[in-house]
């Protein structure tokens, strides 16, 4: 079964003088994929932030940087839940080139927190059920 | 009289595959200089945002991009108030290379707004007085 | 006739503590639209950079920032050539919200340059013809 | 013995709608510190890239995100070599708030590569000696 994924085009803004995607930008790509994955599960992050004052934050990230992505590349960025706990998730994420070679692979721990004081909030039962479905 | 200025080092994050600073990043440098200039005038933007829910936003920017800045360059970024109105300012800003050549020159209109609805807020008399001093 | 346009989703990376898109990021969105517009005209920027060592750079930008874009907004970013010269172009670009309200409107001068020394290069006759078509 | 460190101010560009530093931006801060550390060891990255076509790239990063940094915070970003091999390094890096609390702690593997094909290049004996000193 293919994990959830989005496509991301590499633009000038993403590259550095080495001619390749700047390393921190893979974390932006990972976040775009997580946001679309949450949207696909019915999560409205804008409303969560505005109404409840909560949001998801990355607690830990382990990233391997492999093949370099370059301008105009059309990347596939995936999200696969690996572990779901009461107040956090572990996700497996990958960025791949069009020929399937991996650019970056990550294991990312995401927690739900209250923006005001960054205190952890339990995931709703509904969301937990949808993620585990 | 030399205008207010800060120094900004060019890092990998700022460059693109052309080997030069990516054009949007000059706007980040301009904002850093405006923030330090506001701090030098006694403005606490963190408190303004957290307590009053207001902040400065750019309403219009006219920018000329000239000499290219490159990795490791130590840039000088200046701010000079050109016009102070009830609810906005016009600022002249420049980014210069170490040899004095201009990289970017801008005329920037900044307004004070309430974040919630982006409604303009009048500048305090105290701030207006300090800017005009 | 509707001008060339792309859609851009607003992610966490694009916002600032005001809850809105950080002003410099509209210039990233403008560049994404320009890159897709060039691609639609048959221009391969990756090959231009790697083989010929040339690329397009922004020489001047005049931007009005209007309605604020927020997380999850799906923006439409357009490109319309306004003037085509031997070695540069003037483009009209806009970012609009889903309800059609403009977030940012810009007039942008783009030149073709050699990356090594940033010297201007004439646009190819073929490209000039395609843009003017 | 205090490890090498620099200070980094948090600006609007670094924050997201949660009011805190966006997670990928800590990797930009880590890179700024690595670049200044390399400069302090006599490494000229601009010349390396322009003349030799080589540069340092991150191969793996393990990052724990802890206390959130906010606008105006003056962060201390450190670099401490943990392991020096023929063609790569492991570095320990931290970002701390002014009161000493850690915002982010990372273990980062950096390799020297040729930009053209991303092939690894051995570190010069001179650099290896300086890092180990």
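To keep things simple, chains are lettered A, B, C and D as they appear, and every chain counts its residues starting from 1.
Criterion: contacts are C-beta pairs under 8 Å (C-beta built on N, C-alpha and C of every residue); 3 or more make two chains touch, one makes a residue touch a chain.
What you are looking at is a predicted structure, and each value in this text was computed from that prediction instead of being measured.
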- Farthest chain (mean CA position) relative to subunit A: B
- Query: Does A-C or A-B have more contacting C-beta pairs?
  - Reply: A-C
- Task: Return the distance between the CA-based centres of subunit A and subunit C, expressed in whole Å.
- Result: 26
- Task: Between subunit B and subunit C, tell me the centre distance in angstrom, where each centre is the average of that chain's C-alpha atoms.
- Result: 22
- Chain-centre distance (mean CA atoms) for subunit A and subunit B, in whole Å, is 32
- Item | subunit D: positions in contact with at least two other chains | 12-13, 17-20, 24, 28, 31, 49, 55, 70-71
- Message: Help me check something: in the complex, which residues belonging to subunit C touch subunit D?
- Response: 12-13, 15-20, 22, 24, 70-71
- Item | subunit D residues touching subunit B - in the complex, by the definition given at the top | 9, 11-13, 19, 28, 31-32, 35-36, 39, 44-46, 49-50, 55, 70-72
- Item | Complex contacts: residues of subunit A adjacent to subunit D | 17-20, 23-25, 27-28, 31, 49, 55, 57-65, 67-68, 115, 118
